[in-house]
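First, the structure itself, so that you have it in front of you.
Naming follows writing order (A, B and C), and every chain is counted from residue 1.
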Amino acid sequence: MNFTLSQVPDRTAKPREQGITMVMDKGLSPREIEDMLSISTPYIDIVKLGWATSFVTPNLDEKLAVYRSAQIPVYFGGTLFEAFVVRNQFDDYRRLLDRYGLQYAEVSDGSMDMPQDVKCEYIRTLAQQVTVLSEVGSKDEEKIIPPYKWIQLMQSELDAGAWKVIGEAREAGNVGLFRASGEVRQGLVEEILTQIPFDKILWEAPQKAQQVWFVKLLGANVNLGNIAPNELIPLETIRLGLRGDTFTHFLDQDTIQEWKMTPKK
Amino acid sequence: MNFTLSQVPDRTAKPREQGITMVMDKGLSPREIEDMLSISTPYIDIVKLGWATSFVTPNLDEKLAVYRSAQIPVYFGGTLFEAFVVRNQFDDYRRLLDRYGLQYAEVSDGSMDMPQDVKCEYIRTLAQQVTVLSEVGSKDEEKIIPPYKWIQLMQSELDAGAWKVIGEAREAGNVGLFRASGEVRQGLVEEILTQIPFDKILWEAPQKAQQVWFVKLLGANVNLGNIAPNELIPLETIRLGLRGDTFTHFLDQDTIQEWKMTPKK
Amino acid sequence: MNFTLSQVPDRTAKPREQGITMVMDKGLSPREIEDMLSISTPYIDIVKLGWATSFVTPNLDEKLAVYRSAQIPVYFGGTLFEAFVVRNQFDDYRRLLDRYGLQYAEVSDGSMDMPQDVKCEYIRTLAQQVTVLSEVGSKDEEKIIPPYKWIQLMQSELDAGAWKVIGEAREAGNVGLFRASGEVRQGLVEEILTQIPFDKILWEAPQKAQQVWFVKLLGANVNLGNIAPNELIPLETIRLGLRGDTFTHFLDQDTIQEWKMTPKK
């Protein structure tokens, strides 16, 4: 940090198990990646090349090399995994991970119907090859999964070998954990957390209001994902109580009383 | 493409008459153009320097040179044409196109009232000098043009020499083809297509939901415009059925039945 | 300007007292700053490093050096000032301004409760060290300040030594001067202007509709702030009547009658 301020929460350091920030790269050029890294490297834990954007990226090898040189792990979005699976090309997908030297992969069923035991089998198989992130929740606004089912799915996917489970939100943050309006389904999140350890979950939270909500509920070191490259610095200030939205959240009672402030809910 | 996947629609190759992507550059720096080109050149058919942004761009020559070296055609937004016409400076406008060595120009009447015969005369005159794109539809939310009139306007502008007609949407996608909410005026589009060949129309579709809607109705190789630079890679995945929104659209029936999927509407 | 057009309003030149554009930098990398400057330097009067983003910026010195070399003044967002004040570290804040060689600072009370006399005392103290911008209005949607109070606050802060007073809008433009919907509180602005000289106020107007509204009410040379880097070129066209939204605003009556146009409200 550049300045010394009291009452700022501690942040974990890389490599993190808590306080992870996952970036959504939906088509950065190699030089734009360098730009992002030049200012945000300490705050980037892992990068997702969104959905199947890697399929149409002409300079994919070059992009991966830039991330590799900064020691930032990268994985392909779950929709690419699904695109191979739905076409019965799973073996091709495994070869492709090797060809690009990837250490991480995502297993998801956001765009297709996949029986849970089939999904867990994919997790088990891939977990022998790479570190697996497994995504729970549909990209379809109309598929509402009840809380007990979210818990069951998350638990069985962790048991099958997933390193983290991801709560689905899409790039726009309007499905899965969120209502179509972008509002967090609060009861759902609280119920999940009664059963699944909070450091095993990576919450997709692309919108600022969602990031604020998770930091207020779970603290500076909550795992958050689908963060846009130009929101990395802003997110870090939200985590530290240094943006208006979380300004009073980490202040002690004496400070609040001294200034007669009404802390924000 | 980096990987081999079955059931992915064929895309046309440059120079395209169908499947065109027109980019909206509303103030990129020369190096930002290089960044965009380094990752998206195969997917960029033509670039519009939005409205009259070229008027206030200090390094316009340098920008045009970057596009020229990548053999990407560029044109000035229709609002610049209108700004000259409304001031009775049309001859200045023609000289300006020559001075900057432009091969394309847009004729529009989105910000001013222009009798249709006057507009067609401008198209005829400019078509002797450059390739003309002609825009139909008002930037004014309150001007509703009925479908038969859209068809009549488009036909007469093609007859006057326009290479393509553009369906107006503005940068934000909330007028013309779209309701103020951004929703597509579906009946309008379908009626237009009964009379005007689909490869003669370039649909402005800046929002993702609009791009998805056109790809589902008209296929991977629909002409789309006003695409933001950082949405070029995402749009290409939408065209190919490799984003959640169009994931099932290009899959064959056997695949869909094998996975018991309900294709999205 | 690249082309010669009649009926385009005169713009003031740097250093400006009227027609100021203040940019919101919420985490640009040094090279992204260079990109912005390469195309927008004539239109940038002053840059704010948004809220406390400077706290978490690893290469802050390098960023400041890029701005310095382009002779663009920079200041830290008011939330950083408040973060020091609320922790009783105001003296640290003053030292920090010196350490980074800053010539400007913002005093605000958007995230904390601060008696007006205390705020004015901070302005008086800082005004001996730097040029002070003072922000009026809360970041809290629920705190509605009546117009007479806005005027009183602005006047007393100018009297205390502020160079300009800033009308608060946040990054998203949904509080203070604006309703939660982003709509301008028009009566408020008009009443303020009966008492406070318009060149002493810098209006935060991050959304396009807000920029258009201020230009139509107050002309090309209104002071506007919280402008995103990629909206600088677009804003300049709005100021000059060269975007659809302000296209008819600066045209003379003869032109409007010649084309039988209905000027936009």
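FYI, a residue touches a chain if its C-beta (ideal position, glycine included) is under 8 Å from a C-beta of that chain, and two chains touch if they have at least 3 such contacts.
The UniProt protein names, listed by chain, are A, B, C = Phosphosulfolactate synthase.
All values derive from a computational prediction rather than experimental measurement.
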Any idea if subunit A and subunit B meet via the same residues, over half in common, or different ones? different
On Cα atoms, by how many degrees is subunit A rotated relative to subunit C, nearest 5? 120
Distance from subunit B to subunit A - Cα centre to Cα centre, in angstrom: 34
Multi-chain contacts in subunit A, i.e. residues touching at least two other chains, fall at 31
Of all residues in subunit A, which touch subunit B in the complex? 26-32, 50-60, 79-80, 82-84, 86-87, 89, 92, 96, 110-114, 139-140, 170, 172
Spell out the part of subunit C that touches subunit B in their complex, as residue ranges. 1-7, 31, 34-36, 38-43, 208, 230, 232-234, 236-237, 240, 242-244, 247-248, 251, 255, 259-262, 264
